[in-house]
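Shared chain: subunit A. Partners: subunit B in the first complex, subunit C in the second.
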Partner chain A sequence: MIRRAAPVAVVMLAVLVVWYAASVWLNYDTAANLADEGATRWQIVGDTMRLDRPLLPAPHQIVAEMITSIFGYPPDNPRSLLYHAAVTAYAAGVGFAIALALGVVLAVGIVHVRTLERSLMLWIIASQTVPVLAIAPMVVVVLGNIGLRGMLPKALIAGWLSFFPITTGMVTGLRAPDPMQRDLMRTYSASGRQVFAMLRWPASMAFLFPSLKVAAALALVGAIVAELPTGAQAGLGARLLTGSYYGQTLQIWAALFAAALLALLAIAMIDLAQSGLVRRRGGRL
Partner chain B sequence: MNAGVALLLLAIGGPVLLALLARSDGRAGRVATPLVFGALVLLAWQVVCAGFGVPKILLPTPSEVALAIAHHVPMLAADFMQTVVRSVLPGWLIGCGSGLLAAILLDRSEFLRRGVLPLGSLVSAMPIVGVAPIMVMWFGFDWQSKAAVVVVMTFFPMLVNATAGLASTGAMERDLMRSYAARDWQTLFKLRLPNALPFIFNALKLNSTLALIGAIVAEFFGTPIVGMGFRISTEVARMNLDVVWAEITLAAVVGSASFAVLALIERTVTFWHPSFRT
Partner chain C sequence: MAAELAVVAATPPRAETADGAPVVRAQGLSIVFGSGDQRTTALQDVTLDIARGSFVSLIGPSGCGKTTLLRAIADLERPSAGTLVVNGMTPERARLARAYGYVFQAPALYPWRTVERNVMLPLEIMGLKPEERRKRAARYLDLVGLGEFRRRFPWQLSGGMQQRASIARALSFEPSLLLMDEPFGALDEITRDGLNMHLHELWHRTGMTVVFVTHSIPEAVFLSSRIVVMSPRPGKVVDVIDVELPATRDLDLRETPAFLKVAQRVREVLRAGHSYD
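Here is the complex of A and B:
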């Protein structure tokens, strides 16, 4: 444990040191302009970490901003960071569920129906070379025109962005059993459905979980970017946008850290589900 | 009524045609099936939009999009210059280059690698596009801030992939280099870097899409009055959806073309890799 944690701790400490140095360096001019006439150099350096709108806030300022905006207001207040994080997490979660359903169904179809494989596989791959996020503002506006507002358009974008890793991961996983295992199922005279339920599906799980982690991160990105064009009423993307309009750097960084925490939370939950499955299967995935 | 009949014909005839095509095992069948599928989708889109009178502010027909492309060639070219040539390309090169360099440096120290890798994969999983407003604040509205976002977005995938690639050399090959009394840098350039190429190309291809996304999203946060992201957000607001779709088509073509070019280079450079030998 210590052998693994020590290098990470050292690197994180180095990042923190560099961060403080950079925030002093970047904010020095602003602080010097605001400081009193006779301020010494060290007073100005101290001021660089107390600015309202620093160019680069010091880490402890971001933490303080997060604490006040999470615990300072009730969670249903639009000033609360928790409220915005929940709005984004909800859209990302629904999108992720859509992507999971679509990805698994597509993968099963692609593995079993040759017409689907031949027609779809190229387009599924091509759909990822297209910068999907570029379409996000249009999808949001168009769906808004036909009366769909709020969570659903964001969830659709999050889902569109995250179905790809799930589909490709599942296709690889469902094809993972080698010919010997399939032959064994044949000698048991297993039906196609049994081969699927007892061989292909269990084998695909080892591939599904890593792709789920990628997909969760992508769903979050999709939900955040989808919040940008609507005039941004709520959500972490809205916090980013209003923060950038009004030069509230602390608000931007707090939203960014909240997004990172959400990503970590999602990955931790997937890890939890994975270890639960591993335990049910007696220690193997 | 006519549109309904046409759509019905498409819905029945399309899958039958595809199934027939997919049955042929030759090269022609493999190439034609996805192409026919794409053409059928476009046709269905045209029939639905034109036949049922879907308003243009919801979904323009493919022919209207084609017309918009033809009418706005100079504008599209200017947006392409601003977004792809000025923002994406330098950012992608700097991000991938520094990621590769960092991976090679990290490779010298086991301690550093164990410290940086978990953090690197953590950062890769985060919504990094969020730094866009910060970069716009630091580097101004023009292409420099977009290139900076692209650098940040492409650095970590390259770092993680290249490190994995450098670590993928087998013990046997390294022992062979040792028995040749090869120096560290000789082992690096003659064995480990070539061996890491598939991983590096993987990151380059992944990053080419990420870079385009990063530049376009960064333009939503402030930009001079040119660029693909700027055009998309303003034309959406003005309900000129045919222009938006023209811009999306451009983005799709750029994305697929860069992916294809990279895949081609990969094939020629790593011709020895098992996945390309038949």
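Here is the complex of A and C:
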């Protein structure tokens, strides 16, 4: 345990040192302007870590802000960070589910139907060249005008952004069985469905899980970006936006950290599912 | 020992006692891959009968079409000309009727299945009841000496054990014809000897027909009732040698003059059919 924790702790310490140094450096002018006449240099340095609207908040300020905004209010209160995180997690989760379903269905189609490979792949790639992040606000507005409001438009953008790695991962995975493994199925005159269920699908799992992790992170980004426009009232994206309107840098950073924690949570859940499968396979994926 | 062998030798080899139509009949069989400049004739005008209950080895240097012939019998390659009949049917019908078990050069086990579940794979596909599947898997894993390893995963076994598992898998649905494509080619000599002995006993006990691709002369002579010698470019059959050795064999047989004589004969035919340019 110590062996594993030590490198992480060292990196963390290094980050903290650099961070504190950077926040002193970046906030010094602001602190100097606010300081009383005759304040010493060391007093100003101390002030750089206590500003209400620092350019770069010190880590302990962000932690304090997160603690008050998480534990200071009931979780259904719009001032609670948990409330906003839950709103974003819900949209990202639904988007991820859409991406998973769409990604797998597309991959199965592409692998099994030759014409689909030619016709679909082009559109799938084209869909990813659209700068979704840039037009997400527009998409949300358009969907809002046709009556789609709340969670669904955000989930759609999250899904759009995250289905691609799942599709490509699954296409590779479903094609992973080597000719000998496929010939074996042929010697048993297995049906197409049996080849899929007993060979292609289990072989694809080793490719599915890594792409799920990429997709989860993308779904979260998609949901947050979709919350930015139209003065969204809830979600981490809304927190970021109102934070930047009013110069609440502490609020912005707290929301960013909440997003990072959400991503870690999502990855941990995927890892959990993966290790369940690995256990059933005797220790290998 | 020599006297004992002579007595056993008096009983006629199994292939000659077998009656009825041949299991495999090839007539004027040719297989051509590619077209134009890329065109290669893998097999040319092969005519061959494989009798029920016989152990037939296909031997020859690389590129002589021995694997192609085996794959054609298994309906994994399509003949370009000539006829090929397996169990009185086209190879495709025979494959759909699950007439044969096939053992590949590599074990081709599915790594996500335990050894037992790998052996049960064909039984699952063929729709046997779970209870019957387990019974069969246990029987054939015991037969190849892997009974206690059934819960292991393929990558936890040695190469020889993996290949034995793949043989158990091919036997599990009890086909009357076993097609083996250099199954022991990647194994060390000692493991290979052991598996040869295993396979010989198995063939002797079950009376199944085996078609066996190899490029090892001692292996072919030890196992076979007939040896089909092939030569490359284009792949064709140059000779068929009946192995007049006792039906029951053990590894010591390989030191006897009778054995060496057959081996010498195979070697001569191989050399005649193959130029080293």
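Here, the second predicted complex is superposed on the first by the 277 of 285 C-alpha atoms of A that agree within 3 Å, B and C clash if a C-alpha of one lies under 4 Å from a C-alpha of the other, contacts with A are read in each partner's own complex, and residues count from 1 in each chain.
Definition applied: a contact is a pair of C-beta atoms (placed from the backbone, for glycine too) under 8 Å apart; a residue touches a chain by one contact, two chains touch by 3 or more.
As the structure is a computational prediction, the values presented were derived from the model and not from experiment.
In the three-chain model built by superposing on subunit A, subunit B fits alongside subunit C with no clash. Looking at the shared chain after the overlay, A:Ser189 reaches subunit C, while subunit B stays out of its contact range.
When the shared chain is aligned, no partner comes close enough to touch A:Met170: not subunit B, not subunit C. Of the two partner chains, neither subunit B nor subunit C is touched by A:Ile62.
Between the Cα centres of subunit B and subunit C, as seen from that of subunit A, there is an angle of 80°, stated in steps of 10. Look at A:Leu156: by the touch rule set out above, it reaches neither subunit B nor subunit C.
Measured by the number of subunit A residues touched, the leading partner among subunit B and subunit C is B. Contacts of A:Gln128 after superposition on the shared chain: subunit B is touched, whereas subunit C is not. When both complexes are overlaid on chain A, the residue A:Arg114 reaches subunit B alone and has no touch with subunit C. Contact with neither subunit B nor subunit C is seen for A:Ile270 once the two complexes are overlaid on the shared chain. Contacts of A:Ala91 after superposition: neither subunit B nor subunit C is touched.
The gap separating subunit B from subunit C in the superposed three-chain model is 15 Å, by closest C-alpha atoms.
Remark: subunit B residues 15, 18-19, 21-23, 29-30, 33-34, 36-38, 57-59, 111-116, 118-119, 122, 125-127, 129-134, 136-138, 208-209, 212-213, 216-217, 220-222, 228-229, 232-233, 236-237, 241, 244, 247-248, 251-252, 255-256, 258-259 touch subunit A in the complex.
By the touch criterion given at the top, residues 178, 180-181, 183-190, 194, 198-199, 202-203, 205, 281-284 of subunit A touch subunit C in their complex.
Across the complex, subunit A is touched by residues 74-76, 95-96, 98, 100-102, 104-106, 108, 110-114, 121-122, 124-126, 152-153, 155-156 of subunit C. Interface residues of subunit A facing subunit B in the complex, by the touch rule stated above, are 4, 7-12, 15, 55, 114-115, 117-123, 126, 128-135, 137-138, 141-142, 145-146, 213-214, 217, 220-221, 224-225, 228-229, 236, 240-241, 243-244, 247, 249, 252-253, 255-256, 259-260, 263-264, 267.
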